[in-house]
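Both of the next two complexes hold chain A, though its partner changes from chain B to chain C.
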Partner chain A sequence: MLKKLVILLFISLLSVQISHAEGDELPLFSGIGGSFSAVDADGKAVEFSDFEGQVVVLSFGYTNCADICPFTLGYLARLYSKLTEEEQTKVQIIFVTIDPEYDTPGHLKQFIGHFNSDFVGLSGSKEQIDYIVSLFQAKYQKLSVLNTVPTKNIRRVTPKLFSDESDEEDKASLYSHSVTLYLIDKSGFTRSLEYTGTPVDEFVSKIRGLINE
Partner chain B sequence: MGVVSATSTEVEHRVEYTRTLNSMAAVLMNRYGNVLNSDAIDSVYPEKVTGLKITKTDLIKLDLNEYSFNVQSKLTYIQDDSMQAKALDETFIFHIGPLGQATITSKVRNKETSIEVMSLAKFNHDHYQTREFAYTWLAYLDGVVLDNSIKDKPWFDNAEYTVKIGSKEIQGSILSTLAARKAYLFKGGHLLRELEVKVKALEGSDDVFILDLIIDWQGVNAAGKSVLAKIHQTITYQLEEHNQWNVISIEEEHLLPDIAPWQNLLC
Partner chain C sequence: MNNRRTKWHYLLVLLLLSIMNSVYADSQPEIVFEKFWIVAAPDVARSTAGYGVIKNKGDVADTLINIRCDMAMIMLHKTEITSGMAKMIHQSNSVIEAHSELLLEPMSFHLMFMDITPANFSEGKQITVKFEFETSGVSEVNMTVKANNY
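Coming up: the complex of A and B.
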């Protein structure tokens, strides 16, 4: 996976992004995204329409991810910090887990909070998560058989806490997943696809453009 | 990489470009399909053409509604019981009518040379008939009224057209679905990217086929916002007597537009 990360960084150096001046209109990507239901970090049911009126940056990942997810959330934390406090109230960073079985709402909240407590972690049933993944035409695949990798062997940001000190070793699955960051406007339309190779200032400029629409 | 928004002038150019291109391509595909029929349409082609492969094209706008379409091709044919091959360089001058229909006003054979015989078996009549349908269909979607109109086909009122755009789904006849689809893709142009024909195995029949089209669309929605779409259409049709198509259904889904090399990367 680290090799893929290196490739991703290499592509970022090679990619020539057309710079986006604030105020340029970003096109709508037809058929990417839409209405969905999920469960927030407090275990409450949410609808994507609850975020209407805010510019959303949505990404997929999971808490046991050893490389790209912490890297992505660190990037998003840096991006978020470039916005003014007023702008931050108009933007929502959403992290959707692709491992809802392991990533309980509480654990997801703790993981996300490590980067920024304003960020929203969404979980749900496997059917709900698969539907969200399909809406955004993202992909994920399991790299290990169900719950066979001891989590203590994974380089993890936030260890899962257990109230009942079970003798059983905590195990999880590993996944590969899409790395795209979806920039979504206040009406819920996907307007740009970015990734951690996008220069932060360029991404911030696009977000501001959507805030001011 | 990256994307840029479309201004109204860009949209107008896009509409003009795709309407004329699809309309002219439909006429040319029909012409080459006919060349591959037993009856040659034009004395400039050999009588028994067995394969025809287009190797290069060049489209130039000459004037308002006038275009020059240069086509280089290779063809194989039977003469005196032996297989022969030629390379052709032809230019067609097109006039585009008020409803977008293309008409050939002149043809010039620039060059014709004998070449070594090769296998062009898959570039047969079906190859061009399929492409003629695809370009005619796209021209219809762009509002062009061709002589060989989609709207006059016997299957037009019966074919079911389903469109899936994110969490929205539209289902109905071609006319009703297109009317509802206009809210999302109001004004713009369809540009063919990929085409593939498959036999539909599930039907247990060898005369039902699937035509898979990947189409780029760029334009504006009903609210005037710029829209990019990568459209996947699955067209199921039955091949009837005399090679007539009976389109049964059209399923359309909108895919992630190809804008960056990393978008399909999994980490």
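Coming up: the complex of A and C.
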């Protein structure tokens, strides 16, 4: 009996130590992040404080991005799948568009849903997006190539088989943008700056550390 | 005697032709395409990416001068990350040196398919891309659209 108690005590001490080690390693980034307002994928106004109590992974991007944004969302989907169902309820993955004119809430919802329906896509007015970008010290810039040229006009010079031509102009643009993944704790403080290249297990460990704080 | 000399001349010419042919063959680029695939696009996407490897197994360099696809506008792009910012840069006239390769992978070189019809780029579809090289000419490569499995 005594032997069993000693083993149990050892295991519980070990697990407390592990959870502290995971959380304690993360500093608090003063000046990166904060409260903001946006529009969710259902078109409803949201405040960042609505996510209080959840660990948040926040990223910036846009749906007309062919390489890094789908790659990042695929990476986040893989990361999210490593969490248990219970852990998933305590974590929110947020994708903030830097192209709110093109990425309307409905459009964003369908795009994000391709990767994981639990993920939240945030849009809003250009002023709202610019404010969020500045809060997180992120950056974005419209690329000069294809800048203001509607893709419909580009299509005209390239022979292509389309059966559903539309007269509506499609003003999707290309951007350069920050690729940082912001790991935010349950109180809304930024605790780690990650990248798509961070090993998934290492990132999951940091998330677990913040869940257990 | 004359007959024998003519035969020797004939053999000598054949030998020279054979050597010249072998030298010429050795000084050609040899372009090979491997492991190409395209990322399945979300229903509302207007663009997607393709990845793979273009190898030049020959003894001289060759230059990729054009890429075409009937199903989309296509370009060779490179994502460059500088100071935490990802920027896409259009690549034109990419030289592939002898015995080297051009690796197309996420966050680096990639084929960018623009103005797509997502249904044509859904999982399991086949897309043909034509690569035109300065010396090797045009090669058609069939690529399968696969789920995002990064």
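Criterion: the second predicted complex is superposed on the first by the 165 of 213 C-alpha atoms of A that agree within 3 Å, B and C clash if a C-alpha of one lies under 4 Å from a C-alpha of the other, contacts with A are read in each partner's own complex, and residues count from 1 in each chain.
The rule is short, and it goes like this: a contact is a pair of C-beta atoms (placed from the backbone, for glycine too) under 8 Å apart; a residue touches a chain by one contact, two chains touch by 3 or more.
All figures in this text were calculated on a predicted structure; none of them were measured in a lab.
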Now for A:180: first (chain B), second (chain C), both, or neither, which partner does it touch? both
Between chain B and chain C, whom does A:192 touch in the aligned arrangement: first, second, both, or neither? first
Regarding the shared-chain residue A:29, is it in contact with chain B (first), chain C (second), both, or neither? first
First (chain B), second (chain C), both or neither: which does A:68 touch? both
Mind working out whether A:83 is in touch with chain B, chain C, both or neither, as first, second, both or neither? neither
Is A:139 touching anything from chain B or chain C once the two structures are fitted on A? First, second, both or neither. both
With the two structures laid over each other on chain A, which partner does A:200 touch: chain B (first), chain C (second), both, or neither? neither
Residue by residue on chain A, keep only those touching chain B in one complex and chain C in the other, then list them. 67-68, 139, 141, 176-180, 197
Please give the residue numbers of chain A that touch chain B in the complex, ascending. 1, 4-5, 7-8, 11-12, 15-18, 20, 24-36, 67-68, 135, 137, 139-141, 176-180, 189, 192-193, 195, 197
The chain C residues in contact with chain A across the complex are 39, 42-49, 70-73, 77, 79, 81, 84-88, 90, 106-107, 110, 112-115, 117, 148-150
Where on chain B is chain A touching in the complex? 1-6, 164-168, 184-185, 217-218, 221, 225-229, 253-257, 259-267
Okay, in this complex, where on chain A does chain C touch? 63-68, 70-71, 73-75, 77-78, 107, 110-111, 113-115, 139, 141, 143, 145, 151-152, 154-155, 158-162, 164, 170, 172, 174, 176-180, 196-197
